[in-house]
Amino acid sequence: MPTENELAARARLTHEVEVTPAFYDIDVMEVVYHGHYVKYLELARSALLAQYDYDYPRMRDSGYAWPVVDMRLKYVRSATFGQKLKVSATITEWENRLRIDYVMRDAATGHKVNVAHTIQVAVNIATREMCFVCPPVLHDRLGVSA
Amino acid sequence: MPTENELAARARLTHEVEVTPAFYDIDVMEVVYHGHYVKYLELARSALLAQYDYDYPRMRDSGYAWPVVDMRLKYVRSATFGQKLKVSATITEWENRLRIDYVMRDAATGHKVNVAHTIQVAVNIATREMCFVCPPVLHDRLGVSA
Amino acid sequence: MPTENELAARARLTHEVEVTPAFYDIDVMEVVYHGHYVKYLELARSALLAQYDYDYPRMRDSGYAWPVVDMRLKYVRSATFGQKLKVSATITEWENRLRIDYVMRDAATGHKVNVAHTIQVAVNIATREMCFVCPPVLHDRLGVSA
Amino acid sequence: MPTENELAARARLTHEVEVTPAFYDIDVMEVVYHGHYVKYLELARSALLAQYDYDYPRMRDSGYAWPVVDMRLKYVRSATFGQKLKVSATITEWENRLRIDYVMRDAATGHKVNVAHTIQVAVNIATREMCFVCPPVLHDRLGVSA
């Protein structure tokens, strides 16, 4: 069971963006092609990490790349052209790897459209070596202890 | 433990394609952006199902759409521009849902690059209703019993 | 030389959107891949036509598809991750074909990033025949005479 | 009028690839979305330049990036899922800028699907400065005189 501190951290480590599927994202069945949801996750993750001044350019400046090593998406409802979606992203692990959980909902009804998660690990850009523990810069930016 | 018949079916229900990442698939770290692997899975799945005369146009003609409802990818190694990859796709479930497992390897070394799976369910195009059992057309095409 | 009426129409038939290149839009040179600008044009065009209640779903409902038959982009400056861009789209022809001109600028400095145009023609969805004159529904929606 | 030498050079500076539109390239009208043709041009250009050992990694190693600064596509016929297309790319200018002309045809009938061109200029990666004359490395690789 998460402690109170953990719950508070998780509540804090959340960000939400609004996404509207474009014409080039829908397929012949007139729904968003399943592969394009990955872009919506990226937009939510990017905005979340930007809150902590740790989006892509800051990551690179800190000497680390953060490749996605695991990704899962469950499609609950289809989405379509012009439908407003809310995508919330929450950091749920930060010790050895950076795990982010996502929930995508229809903005009008709140109906769940997709749930997903991604796992990233730090790679030292200079040595190209993977880190088995997240580097301190992540914890500093997020304001969490390792 | 799978029976001998099951093993034989799985050996048969496999197909492999070769994919070479294009310039527009690689990101600033000079590796394939994780989202683009979804396209490589699509190419393998599409070629596999075409073997059974059940690629997208035949699916539509049969009255069913087959949306992906679950997708997972694990990234083992990065891939880069011009690297030849082999993607094998195997149908591993066909009773209530269509599950396909993928292994992506470097074509030259055989090193594993990615393992993934997708799960699709049949949706009756006319009624927009999801089928809880795969329709007979799938089993007919694959030459399996439900 | 355009008449005063024409100038007024053009001033009116304009719309601007803001676009911010995402991580998946930038290439190894750390600039937006030239092919992705086509998406930014789509976003501007789609928002422009929505002003006239004639975005994709309304087009389809009106019985016409409007495929792009000609597209040109001139790249003046490169754009990069997170850079705010303003894309303005203006309808400049509507008689026999729908021509839209685009200017993309850096939102902060106003520096020109890209100029482009697209030409679309109406295709009757039922007959699959191309129209050599734009159908009246376009002129009705735009409030222009043919 | 091109001289005989020029005609011979152009005949030589040509390459053709085969492309088959994937499911994720077709839109709700069941035709290839116009923006995706840009990828097909990239595949043809990339294969053409690889013939001269001057594809993207070699460009970078030579100290030059070659951004596209002008691109035009004319859509003659629509293309669809699984349709085999031949895309030929020909280098038609190499003095001050690299111009490539493309013709895309249905592989079975030879019917023209698209004609296009791209113009690239050399940018010195170290100084980020644009070159007003193509650097000698291009002419060496292509076996042409400037």
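Letters A, B, C and D mark the chains in the order given here, with residues in each chain numbered from 1 onward.
Methods note: a residue touches a chain if its C-beta (ideal position, glycine included) is under 8 Å from a C-beta of that chain, and two chains touch if they have at least 3 such contacts.
Quick caveat: nothing in here was measured; it's all calculated off a predicted structure.
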Which chains contact both chain A and chain D? B, C
Identity of the chain that, by mean CA position, is farthest from chain B: C
What is the distance, in whole Å, between the centres of chain B and chain C, each centre taken as the mean of its C-alpha atoms? 36
Chain centres from averaged Cα atoms put chain B and chain D apart, in whole Å, by 31
So what's the Cα centroid distance for chain C and chain D, whole Å? 25
Scan chain B for residues touching two or more other chains and write them down. 23-24, 28, 35, 39, 42, 56, 81
Seen from chain C, its contact residues with chain D in the complex are 28-29, 31, 34-35, 38-39, 42, 56, 60, 65, 67-75, 78
Per the contact definition, I'd like the list of chain C residues that touch chain B in the complex. 23-24, 26-28, 30, 33, 35, 81
Name, in rising order, each residue of chain B that touches chain D in their complex. 22-24, 39, 42-43, 46, 55-57, 81-82
